[in-house]
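Here the chain labels run A, B and C in written order, and each chain numbers its own residues starting at 1.
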Amino acid sequence: MKETAFLQSEPGARVESTSDLSELSISERSIRMPVLFFFGSGVFWLVIASIFYLLSSAQIHVPTAWWTFPGIPWLSFGRSHPVFLNCYVYGWATCSGIGTGIWLLSRFSAPPLRSPWFLIIAGVLWNIGMTTGVLSILAGSTTGRELLEFPPETAFILFLGLAMVSLWAVTIILNRKPGTTYVSQWYLLGAFLWFAWLYATANFALGFAPVPGAAQPAINWWYVGGLVDLWLTPIALATAYYLIPKLVGRPIYSYRLALLGFWGLALFGGWTGMTHLIGGPLPAWMITASIVAKVLMLIPVLAVGANFHLTMKGHFGGLRDNHGLRFIVTGTVIYTAYAFAGSIISTRSIAQFTQFTFVTVIQNQLGLFGFYSMILFGAVYYIVPRLLKREWLFHKLIEAHFWLLVVGLGLLLLDLTIGGLIQGFGLEDPQVPMIAVNDLLEPFLAIQNFTALLLVAANLGFAMAFTLILLISTPARQRRVAIEQSNEASENTEAEVSVA
Amino acid sequence: MSSTHEDQVEEAGPESDEQFQKTGSEQSSSAGRSEPAQEVPEPEQGPIPIWLIGVIGLGIFWAGAYLFSFSGGFKADVFDFEPKYGAEGGGAKGAPDPKVVGKALFSSNCVTCHQATGLGVPGQYPPLAGSEVELGDATNHLIAIVLKGLQGPVVVEGKPFNNAMQAWEAQYTDSQLAAILTYVRSDWGNSAPPISADMVKQIRAEFKDRKEQWTWPEIEKMPPKNLTGGAPPAAPAGQQKPGTPASGSQPPASNSQPQPAAANAQTTQPPPQSQPPAPTPAPATAP
Amino acid sequence: MNKINGLFFGVFFLFGISWLGLVAYPYLTFAGLRQSKDDATGALAPQGNPGTATQGARVYAANGCFYCHSQYIRGEDEGNDIARKWGTRRTVPRDYMFDQQVFLGTSRLGADLSNVGVRQTDPQWFYRILYNPHTMSHQVSMPAYRWLFETREIQGQPSADAVKLEGVIAPPSGYEVVPTADGKALVQYLLSLKKNYPLPEAPEATE
């Protein structure tokens, strides 16, 4: 039973042959290659990011240990850290997000692609950009701006790929048949439009025609705030809005809450960036506006959280069997908690103590590793078997992935929150010298190093599962799966008719 | 948007039923399908929970209050969240006590050698507490040393020192140096009249061509001058202040311009009290 | 009007407002900044950076120094940076008006560097710290930037900027450790980090 939980074919579909891909709808067939290409790229960059994450975690813990490669410039912390972050955000997160976005859009529209090559070229451009960008950072040729470290030439290549995908996505959504647009489509329209705009503006204003002075950090952090709130968040929410009702078999609880959640995000999401620069050399109103937007972001977050919760109410049992659902629901729960925490630490009185500390680090990591990645893992676990008509091997691996992630994140949360607060109070006390603050942090950095191991193991497990399903397919297994699938399909059909 | 919502409600009704039916009905063979079913039913019409409406109300109220209290009037040159005295922003804070300013400046640099206690390091760095150079009337010596530095053997409070003090004229402006010296002359039991930015300016101009540090014999040879001129340092240049604190019992010189110590009136030696007296009707100096 | 158009315009314009406020506004406002002139000394503030300092900023970026060091001082009401002697006043946009790369930073694993050029005026101090950060303490997260230096044979006289090292890390006798061009540029940049000149919009702290 567990094995079939991944696959919910279109109820009513007839499955005859097994490895025959003709049961994929035309639209699924057309986007199959691009989606798998983006997923594959995402997994590749996840592995690279994980390696550098482990390295950079070790390096701030014991910078002189031989296994942190001291003395080698291109592996030093100042380069391994941005490589990790950029590979994670622009490699794993963006590629898997684009892949999921493409797949989701294909569920709502007529055959979206005559030929898959347009999107695959976009993907290739993206990967070329990523590779040159990573090599540039390692060589020391960076822009010195957080999350915009790739040199302008690289950013241009990346933007070309992104523009191609965004153009396709926005056209698809705008050209759909008149009628209702589903919630996920709103978020995807927003995501693709906003990210292209953000990326173009930030790289132009900072890379090609740089503005000297304090406008730079303002634009930089506007971009980073938008990257998280207006690219990663909407992609993840679009995924959750589609897959939760699908996997639970119930419609979303409230249309109005969905509206509130979306428009709240659209209104406040672009303003939250300056909360990273509280006390900085910017007019007070800009920072205050950001704090207000960040706190008011709680409204759409709570709306979305309530919506999902009320949709799932009474059906949490599904989490036991269905891996995809488990990842996605965990992700949405983390979303509410992480957004809440984010709003709290943005207020000035708390920010005074948490600003330059590990509390901001764990906040970002919770959003990236917890909220976003959990949902996207769930999406990949759901989508890939459908496209390949194969089953995941080794369910234990997927269980291990989940639990390693959850335990690792939980430990990291405790560790960096406590450590960060200690650091913050130390920094704010003028009597405590910096050396003493560093000494206090040492055990927390050690735990963080250990937690990095757990998280990296989780990610590598995922990568292995993905590689295995790509490479291995056993016909006998497929036949059995397909038969069970069609049985379940007819059961579902009866169930849904009775619900309606 | 509300009209859109209305439309949605109407369309959602029949369509969502249709889509529910679609799942049961024959979707025909998936291979031949040209239009994929959405497969996900439309959202239902659940109401927004009351508590969330409460949160929204509270949020809007708080946001408005916060936004308008802490935005400094939405000006481009207000950076502090809480401007004092309700003035236009973080700019006008009232004339800060020069000794406080001087102490801050002293603590950022001079303490490295002369120590926060002003006692220096025996055998290495001379003390400033009770030092005759600090407190004496030869204020030109004192200012010259700070501007150009001092090297070689020197005896301070009976103890010999032989070190090098760097020149500080490039690091600090006249008003900053005046604040530092005023502070030094008033702490650790020292009690000597304040130094003004004008005095520093005079000495800076007098020795502007000199590049090397002084040696003590050179200083001794310099005829001692008890400089006068200008009011004691108040705030750094260019700042709007309610008024410069005057020295001694002299009536304050014309001090409505935003420049410190630009007074033309030659004030005589101020009485040996450390506080810049504030019997002027100017608003209170910052605490 | 088609609902999808409503969606598109909403998405476009709501975001456009934030673009106006956080991109266009600072761009336009800070583009018009001018130096301030001290009436007492005629000094202009801030001063532009000399060439080596600008090169040094690139070395600073390349080595990711800004991931652990911040470069701005918060006002008295917002933090205790001034009490910590990291500066005498808060930093304002004019402080950065000549910087091609502004490294405000968001992490203080290491000290704030806005005024490090005021606190430390001796290049030797910087060279020592960069070569071996553990002179500060055994438990610092800062890596040793040995590639900013080279160890070479002493030719005749020791070089003027040879780093004075003692103990285990000192070079073998007959050799000296000298900063490379990158190392020198970086230190010139760090020495130029001073924000203690007065500005009218940022009064000195009064605590």
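Worth pointing out:
Keep this in mind: a residue touches a chain if its C-beta (ideal position, glycine included) is under 8 Å from a C-beta of that chain, and two chains touch if they have at least 3 such contacts.
Since the structure is predicted, the reported quantities are computational estimates derived from the model, not experimental observations.
Taking the mean of C-alpha positions as each chain's centre, the chain lying farthest from the centre of subunit B is A. For the pairs A-C and A-B, the count of C-beta pairs in contact is higher at A-C. Averaged C-alpha coordinates put the centre of subunit B at 18 Å from the centre of subunit C. Centroids of subunit A and subunit C (each the mean of its C-alpha atoms) stand 32 Å apart. Subunit A and subunit B have Cα centroids separated by 41 Å.
Multi-chain contact residues of subunit A (touching two or more other chains): 180, 263, 281-283, 289, 348.
Across the assembly, subunit B contributes 1, 8, 76-77, 79-81, 90 as residues in contact with two or more other chains.
Shared interface positions of subunit C, defined as residues touching 2 or more other chains, are 3, 10, 29, 75, 78, 85, 90, 92.
Interface residues of subunit A facing subunit B in the complex, by the touch rule stated above, are 10-14, 22-28, 106-111, 179-180, 182-183, 242, 245-246, 250-260, 263, 281-285, 287-289, 291-292, 295-296, 298-299, 302-303, 306-307, 310, 348, 492-493, 496-497, 499-500.
Partner subunit A is touched in their complex by these residues of subunit B: 1, 5, 8, 11-12, 15-17, 20-21, 23-27, 29-31, 33-49, 52, 55-56, 59-60, 62-63, 66-67, 70-81, 89-90.
Residues 1, 4, 7-8, 76-77, 79-82, 90-91, 93, 96-97, 100-101, 104-105, 107-109, 112, 166, 171-176, 197, 201, 204, 235-240, 258-262, 286-287 of subunit B touch subunit C in their complex.
Looking at the complex, you find that subunit C touches subunit A at residues 2-4, 7-8, 10-12, 14-15, 17-19, 21-23, 25-27, 29-31, 33, 57-58, 60-67, 70, 72, 74-75, 78-80, 83-85, 90-93, 95-111, 133-134, 136-137, 139-147. Listing the residues of subunit A that touch subunit C in their complex gives 59-61, 63-64, 70-71, 73, 76-79, 81-82, 140-146, 173-174, 176, 178, 180-181, 186, 189-190, 193-194, 197, 201, 205, 210-219, 222, 226, 230, 263, 266-267, 269-271, 273-274, 276-283, 286, 289, 348, 352, 355-357, 360-361, 427-430, 434-435, 438-439, 441-442, 445.
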